[in-house]
Each structure stands twice: as C-alpha cells, then as structure tokens.
C-alpha cells in the first residue's frame, strides 16, 4: 500500500454501514504521527463512528459492516485477528471519565496487569510514570490507594488518560474528552493533550470548534459520513476551502 | 443572533465602512475642488468634517473588537472583521490627507496658482472614482474588481510624477513660485498617498473575500 | 435416584398417604424407632390416593389410606392391611343447640334438601355445609356410610382440604356443619349424635355408630422389606393398637 | 376549585397509605399476638414429636437445607445465564427466546412448579420426596429471580466501564471478572437474598416435592418438612392457628433479618465501590 | 498550571505476548455461559412438556372434550365430571377485584413513599412494605382464615365468611407490596427534571404527582400491575384457606368460589388417573393465562420504551 | 426600597446557606428589564443556586437558609406565601430539556391547564402562540399530537421554552439551557434567546463564556458565592475591571 | 496550551513586534546617518532591509489572525493581539518612511547640502529614542511611559516646522537649491510622519494595557 512516511494511520476508501445505513462514506485520511488531529462536524456525522473504527471498538456493535482499509504503521488492522494487540497499541479515552470503581492505583495498573505485568515494583513505576505523563501525579500521589471516583471530573479524565498511557500505546483516540467537564478542567485536559503529542499520535473528536482550534494541528470536517475537508487547523479556521466547512465553522450551518 | 446576528454586525460594519468611504470620497473631491475654486471656507469645512471620518473609524474599530470578543468569528467572518478594522485605518488616513490638502489650500490662500491645475484634479478624480468602485467591490465581494482598482494606482503614480516634474520645473524657472510650488508638490504627494491607501484597502478586501493577502503594485 | 432406593432397603421405610391416618402412624413410627434405632421411618401425609399411587409407583413402600381400595387400585397388585377403624364425627359450632340428627337428616343436609337449622330443631339460620375435597378418604367413607354420591353433594358446600381446616371453619362459624375423623375431634367443636348414638369408639366397635371406615396400610405384593414388615407388625401389635386407641381411633383387636 | 381537587387527591393518597399501614400492622400484629405464646426455647430448638409438645428444630434445619441447596444450584446457573444474556448474546431469536423463557418461568404459579417437580424430580428422575427434589424445584422457581436481578445489576454497570476495559486491550472475559462482575455484586447479592426469601416462603411447590415428613432430615435425599409447609399443615390438619402463628413469627423474623441483611450488604458494597 | 514532571523517554509497549490463550479462555467462558442460559429454557420446556403432556392426555387419549372442560360448570371428579368454567370465572373475578383495590392503593402509597413522605417516614415504610412482601403466603392464609373470614361474616352478616370478597381482600393485600415496590421504583426513576419542570410552571406538588410523575412512570406502573395480576392469579396457599372452594359459578361477591390454583392444590393429594390429569389440565389453563399475560407485558413494555 | 427604574429584579444583600455552608455571599444585583443577563463563573460558584433563588426553586431543598431581599417589580418574593404565583411570573428552563412524556401540545398546554384554562380554543391559541414565540411552530405544527420526546434535543429545548412562555411569565430563568445540546441546536436556542428579550427579562446561567459573550447584554461573574463583577457584556469581555474576572475569561483561572 | 500557549503566542507576537521596532529604529537611524554621510550604498541597504520589516509585519498580521481564530482570546489577550496587529501596520509605515528618506538621499546623490543638517538629525534622534522607549513601554506594560513617549512627538513637530521654514527660506534665497530643498522638506515631512506613527503605536500600547483608546496630541 502506498504509505505516507509521516502518517501514523492511513485510512483508505473506508465505508462503514450500520445495517443498511451507511455511516461513513469513502473516507481517505492520513493521520500524522505526533500530531493532534481533531475531528469536527455536526451531530451524527460519523465522528465517533470513525474514531471507533480506528481501534475496532465498533466490533462490539452488531450489524456493522466495514469496507476499505485502515493501516496503523502500514499494517491493516482489519486483517489481524488480534484485536487485543491493536487496542493496546491504539488507546482510547472516552467522553465521560469512565474510571473503574477501584483505587487510583488499580485503575492505572489495570491495563498492565491485564497484560500480565505482575511485578509490584514494575507496576509502581508504570503507574507513577503514567500519572506523571498525564500531569496528575502531583495532585494524587498522596492518595493513590483511595477511590478514583472521589476526584473531580477533570482529574478523573486525566487519570483516564494516565490509564491509557500506562499501556504505552502509540495512538490515543479521544471521543469528546472534555464535553462532560467544566471549563477549567477542560483547559487542563487541553493543556495535557498538547503536551502528549510529543510522544503520541492523538485523534480527538470534539463538538467544540473552539476546542479543535485550540488543541489540534490538523482538523478534519465530517458531514453526513463524508470527510469534507481535512487540513492544517490554522488554515481550516481562517481560510477553509469548502463552502460547507466555512458555513459550519462560522455557525451558518443547518 | 448567532450567525445571523454576527452577519448583521458584519453587515453593519460594512455599512459603516461604505459610509466612511463615501465620506472620504467627498473629502477628497471637496478638498480638490475647493483648492481649484480657492474656496477657503469650503476647505475649512473639509477639515472640520474629518472628525466624522475619525468617529466612524473609532466606531468600526470598537465594533470590530467587540465582535471578535463577543462572537468568536471564524474563517471569512473573522477575516472580514479584521480587514474592515484595517480598512478603517486606511480610510482614516485618506481623510487625513484630504485635510492636509485643504490645509495647503488655505495656506496658498488667495495667491494665484503658479500653473494651471491639470494633473492634480485628474489625480483627485481618479482617486474618487477608485473609492467609488471600492464600495462596489466591498459590497459585492468582487475580488477581481478590487484587484483592478488597485492596479489603477499606477495611473495616479504617473500623474504624480508629472505634477512633481512640472512643479520643479516651474519653481526652477520662477523662484518666486517656490512657496506655492512646495505646497502643490505636497498636494500631489498627498494624492499619491491616497492612491496607495486605496490600494491597501483593495488588498484587504481581497483578503477578506478569499483569505489571500497579496501585495499589489 | 438409585441411592435412595438402596437406603430404603438399608434401613428406611417410606410411608405415605392419608392425612387422617398419618398422625397416628407418625406416633407409631416414633415409638417403633425407639425400639429399632437403626430403622428410620418416613411418614408423608399427602392424601390417601396419593399414598396409594406412590406405593404403586414405588415412591413409597407403604401407603396409608383412610378408605377401601378402588378396583383400579386393587388391580395394581396391592396388598392391604387394616390397622384401625375410624369413626367420622359430624361436628357443629359450640353455640349450636342441635345435638342429634338422624342419618337421613344428615344425608338431606349434605344433598342440600335441608338448608336451615330450623328444619332440624335449631335456630333460623342457614346451614353452611362443609365437606372434604373429592378424593379424600374421609369424604369417601362419609358419603358411603351416609348414603349419597359425590355429585349429589350440595354445590354450595364449603370444600376444605384438611380436618384441621374443617374444624377451624366450624369453630368460627355457628352455621357450619362438617365432618372429621374421630382422631381430630376436640373440645372446640360439638360432635353430634347420629340417630341418638353418641360418636364414641365403643359405639363404632359395637357397630352402633355407622359412619366409620377402616384405616388401611397397603404395599405392593411381594416387595415389602423386612423393616417394612416389622413396622406393620408393630402397628398391629398390642403396643401399636394402644397408640391407635390413645389417638381416639378404634383398635381392630 | 383547584384547591378542592387538590385536597381530594391528597385525601386519597393518605387513605391509601392508611390502608397499607393498617394491613401491615394488622397482619404482623395478629400473627404476633396469636403466636407469641408458643415461642420459647424448646419450641425453637427441640426435636419434633408427633405426639405433641415437640419443637420445630427439624423444620428449621430442613428450611436451611432447602435454602442452601436451592441457592447453590440456582445461583451459578442464574448468574452465568444472566452474564450470557447481558454480555455475550447477540440480540436475536435465541436471546428473545431465553429471555421469554425466564420471564415466563417467573410468572408461573408455584403450584405448577409443584406439579412439575412432583412428576419430574420425584418420579421420573426417581429422587422421591426429598429435600433434593424440593430444592431443585425451588431452584427453578428462583432461577428467573436470580437471572433477572443479575441482569439488572449488570445493566446498571455503566457501559463505559466495559468500553474502557476493552479499549485497554482486555478480553471480554477479563473485563467481566475484573470490572463488570465486581460492580454488579451488590445487585446480584440482593437478588440472592430475595431468592432466599422466596425459598423460605414457598409451600405449595415444596409440599409436592419434598414431602411432609416431620423428622430431622438425615441428608438431602430424605424427605422433610420446611417451616412454611409445617405452618400450612398445622393449619390444615390440626387447625392449630396458634402453632402456625408461632411459626409465622419465626418466618417473619427471618424475613426481617434477610431484608436488613440485604440492605446492609448493598450499602456496604456500594460504599466499597464508590 | 500543570506541573510538568514527566519522566523522559516514553517507550511504546512491544506487544509480543501471545494472546492466543486469552482467546481460548474467551471462547470457553462464552460456551459455559451459554449452556447455563439454556438451562432455563430447558426447564421451561420441561415444565411445559410435563404439564401439557399430563394435562392433555385425557383429551388426546381418552376422548374427553376440551370444550366441555373449559365450558363446563360442574366439577365432580368422582362422577367423571370435569368443567372448570366456574373456576376460570372465579380466578378472573378475584384477580380483577384485587386489582381494583390493590392498584390504586398500591400506586398512591408508592407515590406517597417516594414523593410526599418525609425522608424518615419513607425510610421506615419501604422496609415495612418489603416485609409485607416477604411474609409467606401461608401466613396470609392463616390470617385470612382466622381473622378475615369470621369478621367478614360478621360485618356483611353472611352465613359464612369464605367468599369472593375475602379472596379479593387477601389478594389485594398480597399484591400491595409487589405493586408498591415496583411502582415506587418506577416513580423514583422519574427524572427529577420532570418534577422541577412542573413545579417551575407553578404547579403544586400534588398536581405534579398526578399530572406528571404518575403518567411518566406509567410503563413501570403497568409492569407493577401485571406483576400484581400474576401474583393474584397464581396465588394458591392463601386463597385455599379463605375461598370456601365450592366449585360453583359465582353469582355474587359473597359466594364461595374455587379459583384455578386452589382446585389443583386442594385435590392433588387425593387425585389419581383422569382426575389427576384434569388437575394438570387446570394447570395448563392457568399456565396459558400466565403466558398470555407475559406476552402482553412484553408487548406493553416494548411499546412503553418507544 | 430604593428601586432602579429599569430593573426587573432587585437583589439586595442576599446570603444563602446550605446548612452551614454559605453558597451565596451578600449578592447585590439589579437585573434589567428586557435584557439578557448572563451568569458565569467556575463550577460550584453558586450560579445555579442564585438562579434558583429567583423563583424559589430552592424551597424544595431542605436545610436552605436565605437572608436578604429579592424583589420582582418591587415586591419581595420571600414575603409572599404564593409561590405558585411567583413561579408563574418567573418561568424557568433547565439544563437538560425536560419535556414531560406527553404530546407536544400537552406539554405546552400543561401550564395553562394547571392554572385552570380549560377552553379548547383558548388552549389552542396559547399553544400556537407559545410555539411561535419559541420559533419552533413551523417545525412541529404538523405533529402537535405526537410525543414530545421524539424531537431532537434542540427542538425539545425550544419546546421547553415554549412551555415556559405559555405561562406568560415576565422573567425567564435558564440554567445552562444549551449545555446538553449540539452546536447547531445551541445556535438555534441562542438565536431564540436573543429574540425573546424583546418581551421577557432573561437570566441565563452558562458555563460557556463564549455563549455569555454571544447572547447576553449584561454579564455577572460569580466566584465562591460572591458577585465579583457585573456589567455590560461587551465591556466585560473586552475590558473587565477585576483581575479575577480577567483571569477567568482569559482562561488563566485556577 | 490553553492559556499557556496563548500567552506564549502573545509573547511571541510581542517579541516579533519588539524586533520590528528595533528594525525600524535601525532603519530610521541608518537612513538619516547615510543621508548625512552621503552613504548611498548604505541608503540602498536601508531600502533593501525594509523587506525584513514587511516580512515581520506579515508574520505578525498572520499570527494575530490565527491567534484570534484558534484561541478565542478575550479581554486583555484580545486587546493585545488586536493592538499588536495594528502596531505592526504603524511600524511598517515607519519602515516605509525610512525607505523614502533613503530614496531622497539617493536622489540628492553627491550634491552638496544646501544647508548644514542640524534639525533633521535631531528629529531622527528623537524618533529613534522614542522607538527605543516604546520597546520598554511594550515589554513592561508601562502605560505612563507610553503616554509620555507620545507627548514627545510635539518636539518633532516643532523641529519639522523649523526644517520646513529653513528650507523654504534657503530655497527662496537660492533658487538653485530648489531641487534639493524640496527633497529635504520631504525628509523632514517623513520624520514628522514617523513621529505621528510612533504616537499611534503608543496609543495602541495604552489600549492593549488598559482597554482605553485615547488620542494623544
């Protein structure tokens, strides 16, 4: 397959159907390594669906039919049987902070433990590194053993990110990661996303154009399952090419 | 509100800009015609009226900052607001030059002109026509037109060279004319600058429309 | 399943059937076990028919019935042993003044021909007839001796599925009349004389009190275990018959 | 007008509440008044005697046997089925069918279970009247309860937990035992406790399957009499309302204990979870 | 501001572990779960099988008429007369009667507990209702027989207290806890937002309950009612003691009647042969009622979801 | 009481306690007639609490103690016994569209019916007018009898507004009315709010500063239960006075 | 990112603006010193170097639009971005005037000056000093300083009047000097304009700091 050297994820000719209903139409998109790529578009345009194809979370839904190719580092993810490996490589953070009802420590250690890391010291190290990576270490280091659900929304979401990081993934997918947070927590998570891009390739779905503008390097605009426009964020928001993009981002849509 | 209101406000800004352009037209036209007619009172009026242009400029500036703060414009909306803010600065400058021309008129006073004013009115006419077209370009979002208007600045530059050379020639021939010659020179210079500013306005209009910032001429 | 049949050979006798017979057999079993510690005896009170059915199907070794075997049942190869006689007493509420009825009056009451106590010398109140359920040994015996058939039973009759219930009903309703086995009669209700014959064991034994029926134990021909046999023998023994008597039933001896 | 209507409605509500409370007080009070005389240590803890003045110890033991056995049988099956239905099964004919089956089972009157158990376990499988037959029968009775409550408990586990776990590269099974089940435990437990109550209160089905032998059971293959059946027989055969009421008190106390326990367990686990 | 104290050098995980085992366990677990699930189906099939086999034998093999069975009003097993119309009628009337009392009382009580009562009161009432649900039905029967029956006889001045009305009262009391607790859950599940919405529109608390809360909870309340119906229709032990059990067509609420369930329970111990099979047939009829009820519930609840 | 002629609601020296915890501290605020007033501030600062004191929705919460005065048109709302009248005059729209599970028509007619309007024709008129007022008439006029829950979030929220309007209130309180909506629905509701201010006095709580900027005439910034700054929106967002306001709106807070 | 990043970017813009001011300083200083020294090559260089200023202006303009589009700045942030965008325009103009001065230098060529250049260097020095102070005002957000700088424009205006009068006097006295006189006049005029633009820059700095848009002088 032709492969962009800089691209971490190559999506070609992707079609996705829920039953007979086509939710994604011939998507072609190369997502750049160590960049933040934002997916924007009106509700129901397929952002989440697209995001979830990238780590095959759509497998959980019945009646989904997928055509086309998605390559991570040149390897077609729908050719492998080993979804576990894929999901380890492509982590995900969800709209609502969805920490398990366990201690902070156990939450972050969940992934490594699942994958067989048993050694206490190693786990300690992973947990610490991940929490530091998610810029939340200082805030929680003194209460790693207390329940994670006692934290504020923004802290929880950063722990979710730490939990994802603990798997040492290469790509982190985020589906509206701040839509359940207040503005201040949102800001913190946005700052974190910016920091993370040095080490990870990040794809983020957001309803909030301002957020896309703030955090992303590239932005993709979806509409009715189509990828309408995909380019550098700063160009996208100052000078989009497609009339529909223009209308959407200036609030003239619909 | 939302998009609607924003558009309304951008439209308002545009309307004000158009009004400003009109005032600049008038100012330029009047300043030169007073000069020709030696209408010192008229010149005085031009100077006074510049305040109106300044007020408009302030209004547009304040509105555009408000709009940016309150409506988070993006893409074209943003470019328009930004461009209109800058256009207002250019127009204000044009107004200032009209004032300057009128000031020269007053300083020349009742002295007879050292030469027949031929090129200066031509320049002024060209400027006024350009401004008039600028309104159309702005209203109809016509980037081609804006570009063509900007190109017409060349003619003004040529006329200025003629005015400059004529004046110097006359001054050299008749040293008595120096005082007035210098003033006429300035007037020519001012008109040339007005042309430049109109070009800038055109550039900004083009930017607002298609997001490309070009330098014309 | 095979386990339990093993154990029944080992030392367990299963007895099931009539709820009238049950209590007395239970006591016999208790006494029997005192003497034969290694033998356990299970007494199920599930009703005469169910007991017989269980015996036929092998679910129980011994069946108890408070009525004679039906022809169909006899055909299944059952051997019956009469272990006691039971009188069936007609009971009324304590406050009821009627103390004696003729057998025909009883019949008419149960057939719905007499519906008011006043017709038999009581107050002017309706008679609430209480009967056991169809299939009950007590009911069978009662109907046979009084002389009417199931379908002749007055439709409005209260049907109750246990002597205790009948007693409770009669105890709580001054209009009610019911019948229960002698073994259940106590002070909480009146028991009526029939044709001026008091409902006593002596009168039954003497054949004067006619509403009576036998208590029988049945077992499948040739399958009775040693323990089972010794249990039946115990019941038929003097000691067993004493227990029978003590519970208000009539010894066959 | 508006006020009047409002007052009438209010009155209706209060009448209803009064009715409910008074029936509760009446029933419980009646049973206590009738039965309290019969309650004493020897009643509770001595062996039953057919000839009178025995206790109800064998019935208590039998009840415990039945509860333990039926819960042991029904819980794993119920919980596992619920897991299948909720976590694994794809929506389709089969699930609809299973769900319908469980729902139908839940709605069947226990007398029908009695009929079934009385033939199937007692006769066909040759288990005779025994605690085992009885427990198997009630196990079927409580199966839908356990399935239902477990399903509900699983449903209340946020989908987000599962997605999170799967997205971390866990398998479904890992997700299940590490995240989903622990979160569902309080719900499952309260379902079990509910079932215990159901088993204890059951009479018709047990009567027809476990028999009525009033003895200390030697094992699960013996026939025996549970407390509820005993209360029933006392009423039916002896007209012994007082005895039944005494057992009633015991049963009510057990039910109360179970309910409190359920509450405590749920509360505790909830706390531990949050 | 975030504290940036990240360790340097984030290495990405090499995933060379073999995940094969995990997939095997996964499959195995799934199959075990599936088998468990089928046990309930098998149970149901067995029950249906046995009950229907037994119950239909007389009609298939012995030439009895099922129509006569359903339409017959005479039940004299020893005379070979099997008609259960009166019992069907009794079951239906007693259930309906119990619903008429139990449903409004139950729903209003539930509304009281969840909406009106102060927290402390609700805290006591909920477990009390649960207790009511936990009392074995035999005890209801005992209570009915020894308390309700004599009192009803007295109050209504009847020859006997065993009657439809007694059954109705006992069943109504017995379905109360079911209805209350299910309806309470349903009412509690009504989003607070609805209540706030209504109050903010200037409605009073009672208006809010009757106009918004109860209608919103209607699918849950419906489920409560249907569960209550199931309980009433299937109740045996309590009814047996207070019904009087005369197999006659009821003509008034004071008649003794024999509902379907008691017919089975009362005679099962003594029945054999055709009689016994006819009792199974009674079970089949009851069963069919319950299944229909279930289907209706399913339909209704799926409708309510839409 | 001294009363600003233009003020619809006068709040003076308002303190509010939840138990011992003071949630509002000496709030003084005159809310202008026929203007949109936005309340902004970080989570937990007391915005919702304040809003809910204005129509006494806090009465529903136990343990609330209120000091100070709130006047609507010069009448102290905590002096009157008639909460129902107050709530009729001061309508409220909530964060999540909370339509009743009834038809669209019944939802809008709910208020008038509760207050005794029975006449079919009159109700029809009220419903139509309210729906028109909420700019949703065209979208729903053909399905007034169908369930209100079948509508999109944005439509539902506009029907909530219609339902509030149907009571002919004078003040409409809105607590984060668009936070559950997608951007396009949000836009529509924002447009509507702008339209409504000709007839109503509107107070809106929002987490979204951009929204406050877009829709409001005046903005009040709350912090820890205090009213930090309260002035014209355009001044607030271009040139706030208080350092804390500045920090909050420029995202430097916390 | 978030506030952080925004600050970074505003800081970047500021840095670029400072650099632009420095370049303008240099341009003004150089243009006059070349003029004095008759360093035609130097003058040429000044003209060439103006490109750098233009590039910076473009950069600042583009970044400020991007910042507005991407970061939704509010309050001071917004005012800063807007102001820096406008300051860049002013600075570019200053650069242009330096170019114009250098062009005059070149046109005057090797001719001897008709008078000693006294006031022009003074003006230039004043401008350069003002620009230097503007940097401080901008960096330290010192609105007082900015205001005071703007006031210093008066001095430049006074110097210009002197230059103007001197030149006219000389031209009238020695008509041969007309050609150069006109040019010197222009240079004075340019420097005066530079002063005006610096004033504008100061106004904008004050606006950025405290949100007040005042007109100084």
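Labels for the chains are A, B, C, D, E, F and G, by order of writing; each one numbers its residues from 1.
To be clear about the criterion, contacts are C-beta pairs under 8 Å (C-beta built on N, C-alpha and C of every residue); 3 or more make two chains touch, one makes a residue touch a chain.
Since the model is a prediction, treat every value here as computed from it, not as a measurement.
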{"item": "Neighbouring chains shared between chain C and chain D, ordered by label", "value": "E"}
{"item": "Pair of chains joined by the greatest number of C-beta pairs in contact", "value": "D-E"}
{"item": "Rounded Å distance, chain F centre to chain G centre (Cα mean)", "value": "52"}
{"item": "Interchain centroid distance [CA atoms averaged], chain C/chain E, Å", "value": "37"}
{"item": "Between chain B and chain C, centroid-to-centroid distance (C-alpha), Å", "value": "125"}
{"item": "Between chain F and chain C, distance of the C-alpha-averaged centres to the nearest whole Å", "value": "81"}
{"item": "Per-residue overlap in chain D, given as positions that touch at least 2 other chains", "value": "171, 174, 235-236, 241"}
{"item": "Multi-partner residues of chain E (each touching 2 or more other chains)", "value": "22-23, 145-146, 204, 207, 241, 265, 268"}
{"item": "Interface hub residues of chain A, defined as touching at least two other chains", "value": "84-85, 88, 115, 167, 187-188, 191, 209-210, 213, 237-238, 251"}
{"item": "Complex interface listing, chain C residues touching chain D", "value": "1-5, 7, 14, 16, 19, 22-23, 26-27, 29-30, 40, 42-46, 57, 59-60, 161-168, 171, 184, 188"}
{"item": "Complex contact set, residues of chain F against chain A", "value": "42-43, 182-184, 187, 207-210, 251, 253-254"}
{"item": "Residues on chain G engaged by chain B in the complex (per definition of touch)", "value": "58, 61-62, 65, 68-69, 72, 74-75, 78-79, 82, 85-86, 89, 168, 171-172, 175, 178-179, 181-182, 185-186, 189, 213"}
{"item": "Chain G-facing residues of chain A, complex", "value": "187-188, 190-191, 193-194, 210, 213-215, 233-234, 237-238"}
{"item": "Residue numbers on chain B that touch chain A, as the complex places them", "value": "2-3, 6-7, 72-79, 210-211"}
